[in-house]
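Okay, structure first, notes after.
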Amino acid sequence: SVKGKERGEIEIKIEFGGGLHLLFSQQARHVVHVPAHVPDSSPSKPVDMRYLVKYLKSDLLSERIEMFGEGDGVRPGILVLINDADWELEGELDYELKDGDEVVFISTLHGG
Amino acid sequence: SVKGKERGEIEIKIEFGGGLHLLFSQQARHVVHVPAHVPDSSPSKPVDMRYLVKYLKSDLLSERIEMFGEGDGVRPGILVLINDADWELEGELDYELKDGDEVVFISTLHGG
Amino acid sequence: MRPLSLDEYKRYGRQMIQSEWGLPGQLKLKRATVAVVGAGGLGCPVLQYLAGAGVGTIRIVDHDEVDVSNLHRQVLHTTDRVGRNKAESAAMAIEALNPHVKAVSIPKAVHNNNAIELLSGIDILIDCTDRPETRYLLSDTAVRLDIPLVSGAAIASSGQWAVYGGVMNGKRRACYRCMWPAVIGDGGGRCSDVGVWGPVTGMVGCGMAGEAIKEILGHGDGYMHMMRLGTPLRSIKLRSQRPTCSCAGGEAPEIRVGECSTKTTTAVERVSPKELHAIQDSVTIVDT
Amino acid sequence: MRPLSLDEYKRYGRQMIQSEWGLPGQLKLKRATVAVVGAGGLGCPVLQYLAGAGVGTIRIVDHDEVDVSNLHRQVLHTTDRVGRNKAESAAMAIEALNPHVKAVSIPKAVHNNNAIELLSGIDILIDCTDRPETRYLLSDTAVRLDIPLVSGAAIASSGQWAVYGGVMNGKRRACYRCMWPAVIGDGGGRCSDVGVWGPVTGMVGCGMAGEAIKEILGHGDGYMHMMRLGTPLRSIKLRSQRPTCSCAGGEAPEIRVGECSTKTTTAVERVSPKELHAIQDSVTIVDT
């Protein structure tokens, strides 16, 4: 998203590696702005990875959702890093995003 | 420094590249704790790169200060990065350090 | 009797003075047997630097023949040797570099039914192949042989490499399946389909050779390194073994990938990114 | 008339299908003349991948002879060619890889008084040498010839590489002097003194070949890449030209480094880290 960050939004850096950028307009690096709190949540809930993954599928993915998403989450075989740490250590979909976080999605390559 | 961070201290990650680690106990990565404010400064002044460089010379350097320091600063030929940005863009010695900052000192290699 | 000949001392002096190395390290290398599967874009640099470093015995497994379209990246072969088996061509090259290395060329494809036989007795397995089926097969074989796997891949301007399996700091590393329980990414694209930059296979292969040597010297670590031309390099720490993975079961897992090989894209010679997507559909799932 | 022969189409197909490449890119490579100074640990992989990719004319400058102690990392040479000039040995190897490349071997050392003569007429200069004096000399020469310089270095288990000078996005890049106005770091250590891992020179050389090709294709960028075995890879953006550097003056700077060469450490054959420090004292300052 090219527009500036609005009040109540946070900025997340996204990177796609291992060929996944092919699914996102062939662009490896993106900066997205998402609401700091999940819209219409009551009580108000900080935005989490579950929201971000959903947002990526609906707003950023340019092709073939089945290559990226599975259920609420991402497909097995996609390694997710939050600020360079494996998201398994961060609570996966329940991780609460902070302004400036960097999220990296990587799959494996096979050519040689 | 291995002890925990005390009240009023901030933690700075230090890395030495390009052979500079030879001057710092042959260790490339260090974590140091420095006071958040320059001791005995009045009015109280946030700690800056000038203080850190002085601290590295007095407390961390294991050999031959003339290879690292020159005046208040570092020798020409040492590239300094603060959170991955060239410190020329960050105010050099006047940059005010924040808890969690990463400072990298790099010199060039010549072998081949 | 000297542990190394005078020629070997001279030849390896510049590496033996490294702190992680020394005479004990050089002797570990000399006594080691490694297998390099694939003598192509990744295998060529791996073989050059393992042979240069003095790994004692190197098995080279490749059933393919040198083609002129390989030579932009498969730099161990020559125009004269187009048409020859790649394992044999590579063996000739590394023997010319270092006569102290025993190069054993195996001009065969690795399959379910010969993997254990071809690869038993080795200390490290190095995967320089280009198909997901073979990659899982080699990982399962390394798990069964209880040895580390150095695995790298390169396609277009991207590459990545890591050590899988084996033990680091007393903890079992993730195997290839632990990290990649399913295939996505380049979706089974092969360099013959999608193409690749020669220097990218070169960088990945050199990185793999470095990991293999560190592993033999007893200084292995747990990073996956990633590169893409024109972007910053990146490294991440890999997790340790996943308890739900087949490699963590009491019994060694059955090798169960080869059966997918009919789904590969051998008929496609060159593809556009658009066509690539269509191909991906047919080969994505090799293991679910 | 075809711009490329059928053999060339076949040979380069896997790279020509890359998006940055295509037929126009391949023709740019074919028409390019590059000079590689130093056919040692860095020069060997650089030469392999530039020749493989089809760079039209490659000048190889090296006055040194192949020694058995080189072969662990200088993988383009062979045991048979020990004692031969390295530029000639390297030329033989890359011609065997790709007969479409014109390899011009220049068995000479580069000095103040012959640098311009040996290197004029080239499109890119690639520094694969191992002494600070030569590095500054080559940077000054590239500034004077107004061409980009691809410069890399490797020592022990560390390496780094970058493109210096030339123009990127309409802005002048930093030259080697802009970035490194004085010598510190490995303090003039050379691989023959301090030693180096073969795969490290390999990775850096492959990285340099990649940068050189991107530069020829018109896709150069501005990172310096750094590696050290066992640690994460790192890349940083280099600054642009420093206004106070000699390269930014109206006139091309005089070349003024070679006179320091008497201070190098040629007599030392192997050193411990302790001794290294002593050596550093004598060679640190080449340009203040």
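Each chain carries a letter (A, B, C and D) given by its place in the written order, and its residues are counted from 1.
In this section, contacts are C-beta pairs under 8 Å (C-beta built on N, C-alpha and C of every residue); 3 or more make two chains touch, one makes a residue touch a chain.
Everything numeric in this text was worked out from a predicted model, so none of it was measured.
Centre-to-centre separation between chain B and chain D, using Cα means, comes to 31 Å. Rounded to whole angstrom units, the spacing between the C-alpha centres of chain C and chain D is 27.
With each centre defined as the average position of its C-alpha atoms, the distance from chain A to chain D rounds to 40 Å.
Separating the centre of chain A from that of chain B, both taken as means of CA atoms, is a distance of 34 Å.
Residue positions of chain A with contacts to 2 or more other chains are absent.
Contacts with at least two other chains are made by residues 156, 191, 194, 196, 226, 231, 234, 236, 273 of chain C. Contacts between chains trace an open chain of neighbours here, each touching only the next in line. You'll find the chains touch as A-C, B-D, C-D. On chain C, the positions that touch chain D within their shared complex are 7, 10-20, 45, 48-49, 52-54, 68-73, 75, 77-80, 96-99, 156-157, 191-192, 194-200, 202-203, 205-207, 209-210, 213-214, 219, 221, 223, 225-227, 229-236, 270, 273. On chain B, the positions that touch chain D within their shared complex are 17-20, 22, 26, 28, 63-64, 67, 75-79, 81, 84, 86, 88, 106-112. Chain C meets chain A in the complex at residues 38, 40-43, 128-132, 135, 152-156, 158-160, 179-191, 194, 196, 201, 226, 228, 231, 234, 236-237, 239, 273, 276-277, 280, 284, 288.
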